[in-house]
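Both of the next two complexes hold chain A, though its partner changes from chain B to chain C.
So, the complex of A and B:
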């Protein structure tokens, strides 16, 4: 019955989604246009963003740029970014998921205060934090290192991740855990085997968020990292913005290359995002 | 198992790549001289070649270059040099020289001063002096000259009247052609006209900036005439637009610096000095920035750094920088080489630099740029007369150079703070004692587990967030002037809250900015949530085809670095060349000048930020929707509930626990979302679309580094958000009751 009802509905949904996607992608076409236009004289003006004569010269220049020791620097920086973003995701989600579970399931003094503090950390403008952070990282001997950057990013991501995961944990019925407890499972087993699988959509969201936190950040990275071989990609791109002039073509090409892995990560995560596991889990 | 292996691999990668650069095969015992620069392309190549030559000639020192993004360069130097992590030698213009000299970050180079007098132009050396000391050796000189397209202009203008006539003759707005194109709204380029009309930025003998002199008004009126009466200038000109027009043969003349030559392609051009202003007979003397090699006062190898600096400005060094880096070098002897002495670009700009006025290197200059920019934009958009705009600029400039509040003793404040914290702790303790005793000992194990679960996250937050945060709050009680902090109690807060320098209704007052920030937050969050949730609801339909494709397409705005997308949006809002104007014209609607009115500029910011922000909410909502059991809908279907009723009574209430955190945090982030406002409207018109955090940023980094005042702004932002969250949580807590 529902099948029959869906058909005309689905068409309407497509008719709604297609213009929304077009609107969403239009500015992206301008970025693509910038990346494909070999020289500023040929930049298009008007409505159609793509150049008449496209060229991949910006992409080629970016990919083939070498540092003073002859290393292909873009690949190196891509690896830096991947390492930092993946490590941030691993560290950030691990730290958050345990804290969120405790905040959702245990009652202990300071729980409310903890939640409020997490929220409060997001309220002080980040621009004012970079100078004191620099001094702290200096004390910890974590300046100019990807490990230091990872720890800073993971910490930045924790408040959102904890709030998001705690909110989701709260919606998971405790009956399941109680049933597992009756079956003789330990708290640790309950956490790993019962709660985490059920929280997959929220885990996917927080993982994506942590990844993005690290992936696109450049202000702190530019402040804490000195050596070009340890730059992350956004810092490398920022190098194209000069005092007097900017390599917009290369910047746009780089921005598109930077966004590709994010889309891959999202594509990989989205089946967890909409896994629909809870529906089955809770029914019983 | 697999996850553990992956983690171990990651850990080793992070550890490995964070280790110091691997030792070179042959241990180099020479002392390292670290050089920082923000050069790119040819200039970088020239510097690297010179460093290689220096190293080949040296037995005591070995130089190593580090290239940094220009955006982060100044703040990084400020942070790094005092902690001993900075460079030994670095390349920078004279812009912040007096500030750094005052903060004792620079080593004086006085022993080079006498010899330098012969080798370098006086203007270049004057730019690098502060307090009687010479702080840098001049590398290259950058100032404006007139580029002209030889196909359109046979002889370049020598007077401003000729320039104007040529500009009018070569303008055909219908064909998109302009007689003159330059970044007229940038004070660096405008300063030449100010000097040509006999004006100066600094009034003597007080040596304070005076922005509203009669000469300044005359100069601004001249440019206004070119732009609005003659209509010979393109509107809202950016560097990219100027290059685009000149290269397409659509700009006959361009005012720009030597770097512009690198962007010109396919146009036969000449370079002439800027003309003489007909009204005064004075040359339009451009501002001169001098890029110099500066030595850090904290460097352990100052002798090596100085040796390298001398090598860079030597005849050999300068010649290579001129040939490879295309720099207008300051070293006179380099021009004795015929290929350099006869180079048309280098000689034209060298001649221009001889007439140029060196940019003042004192801290007061740093508070001139922003008011001047605002004045130029408002006059060139037709919103303001030169007189009114410059009077406004003068007021703004005075407000930015704050007079130091009286010094106070910190002890009374410390005592009050201690008393408040003791009282608070006692109160908390009583509360928690009550709670804990009520639950007694069965909770002991749970408490231990909670500590175990929370400790890693809590400790990293304590060290990396709460400590800098406490430092930030502490700073807000200090005033930073002349590089020293003095305790001023609540003076910063009082100045801000009492809106000391502005009427409450003016865009620069705290209260006006707060109102704009609130509006900004509410509008953005409303759009983010409604669009994000709407799309998530459409995309969760399991029978919908291609939903994976839709989801990935719709997440793209989040994936692309927003620095470039924000600027692409700004380009689309361009009054003359933007895509939105093209669309409006195609629909026979008069294009809008987006950044001249508050509501349109605000709308432009909101549109950009909505585009950037809805994918995040969509992703969160997609995840949150999964927490709603599907059978509830099935039951509702059976009961014959309408789609709207299902949304209202099932989706919304059940979505709340998972979506609310994202909304609350989203609101906090939007409140502090500074780069979109900064990049798209830039606060235009007149600073009215600035939000609180962009004000804090400007105070910290663009208005003479008044960190104390910026910290006070940040603390107020924090307190405001804290109050707001307390209220919103109360609402959040009450609502479930109402729904039940």
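So, the complex of A and C:
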């Protein structure tokens, strides 16, 4: 084919991509450098961010840091984040997958209105929602609790997930469901055995989105949670930046630890994500 | 064996009436083909029988039992969809076993019945493949297998061959006919292809605009079409029509006067629509020709062919023997017709006249 022709084009693309990559990765390298620089050497002004003598002391300190009552506080907060993000994903995906299927397949009064409302909720920034959410959580006695935070996160994630999944369900041919109907399946069996397996790419995307929403969220968590033992990692990290003194080394180490799970989830779902982006390729 | 009956069935989508009062009896064990142009309501009728649509009025009976309110799974029907609708995430084996699994059939029996069907349809080497790894013809066979593995009382097939190439279509047509001989089950088959309809059907039901035009054995419909629509729809090339007034053995219209032979005296002075199949209208020399026209197109099939003529009586298609090498587009040609193979229709109602 036109390999010869393609080469100059590919070369140009790579010439463009390599500097962009470097530009993107440079700050990340700085964070890694900070995390690996032992106490003695301070924020150096050199161009190359990685230290000559790397040390994991900040990571060790962070992981073994204890609060006044002797608990391993960072580990505790890590678990909090994992619990909240996992529960948000479970609740968010379960509720939105059923809602999206109904919106995609059945016509009922309020369907259009419901979908517009879901979209409208996406217009308000989290900061704006924090006051009413605070009031609601207060009423429900769910302030300062991981359950309350999970509910808040799930409700923020659901509208996006519903739209995303509905769009995907719309691309699954109805004839597949009709075939299953003639084969003897009930609506429930059709949903579980035909539609859900086919929607795996979209489920992966929505699950990732829900997980990341909960994992990275800071403003609401900082507003609703007071007890240090119930902090999620973003809040915990922010508290490392003190008014008088900041443990930059620990902060950087913490930042890396926070990004690790998201990257892992990304890698795990990579295959499905690509599938999700090329949605619509489902054919009998 | 089970029969299917429709009694005064109506179905509209919004303001659009699609099926307009259909009465139809499909006898047990019969291969019935529903045929008609797109939009004539034949697929909707099939979906009504399957239970995928609900009739607005009328009754649907399967095996003598009214099934209007029964969901598809309680109707004992198997269906093959136009797009095949194979489950893309399942292997061929899982596709075939799906319905049996839902019924809680034992593992041993599922295994045995899947094997049986796979052998019958030559699917054994494909059992572990996914639908996307199959060719069109293979998918088609899996779709048929999925319908027969449950041993339903009635098979519904919706244009099952329309996505296949011509050669494969002919081959699958033969396989379907053999399958019906073997299973002896009731089959309702929808197509817009009159060749499929003629070759497969025990009885044929021709539809147009949501109404049943005629129902009977293929040859009966071909030889004695009930109206102009059926006459024009069955047969290839389509039947020729001459419109004029009959008197004294001649049909006369604007600019033509064709001898069509003696008809009953009751037709004298009456406006008629006369149908002649291209096979009964042949190119003729100057002495024998009853009508002349200009050749607009020629289809040479080798041992015979068809000439498309522009005549004073309208466009006509006439058959010729042999290669037709001497014919040329733009040339003048005459036709003769066989008076014994005329079809007479009322000029207004376009219904057949006895």
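We take it that the second predicted complex is superposed on the first by the 237 of 284 C-alpha atoms of A that agree within 3 Å, B and C clash if a C-alpha of one lies under 4 Å from a C-alpha of the other, contacts with A are read in each partner's own complex, and residues count from 1 in each chain.
Basically, contacts are C-beta pairs under 8 Å (C-beta built on N, C-alpha and C of every residue); 3 or more make two chains touch, one makes a residue touch a chain.
What you are looking at is a predicted structure, and each value in this text was computed from that prediction instead of being measured.
Enquirer: Does chain B (first) or chain C (second) touch A:58, or do both, or does neither?
Expert: Neither partner.
Enquirer: Quick one: classify A:175 as touching chain B (first), chain C (second), both or neither.
Expert: It touches chain C, and chain B stays clear.
Enquirer: Does the superposition put A:252 against chain B (first), chain C (second), both, or neither?
Expert: Once the two structures are laid over each other on A, A:252 reaches chain B alone.
Enquirer: Where does A:126 make contact in the superposed view: on chain B (first), on chain C (second), on both, or on neither?
Expert: The answer is first: A:126 touches chain B but not chain C.
Enquirer: Comparing chain B against chain C, which has contacts with more of the residues in chain A?
Expert: Counted on chain A, the partner with more touching residues turns out to be B.
Enquirer: In the overlay, answer first, second, both or neither for which of chain B and chain C A:189 touches.
Expert: second
Enquirer: What residues on chain A does chain C touch that chain B touches too?
Expert: Chain A residues touching both partners: 282-283.
Enquirer: Could you list, by residue number, the parts of chain A that touch chain C in their complex?
Expert: My answer: residues 173, 175-176, 178-186, 189, 193-194, 197-198, 282-284.
Enquirer: Given the complex with chain A, which residues does chain C contribute to the contact?
Expert: These residues of chain C touch chain A: 50-52, 71-73, 77-79, 81-89, 98-99, 102-103, 131-132, 139, 146, 150.
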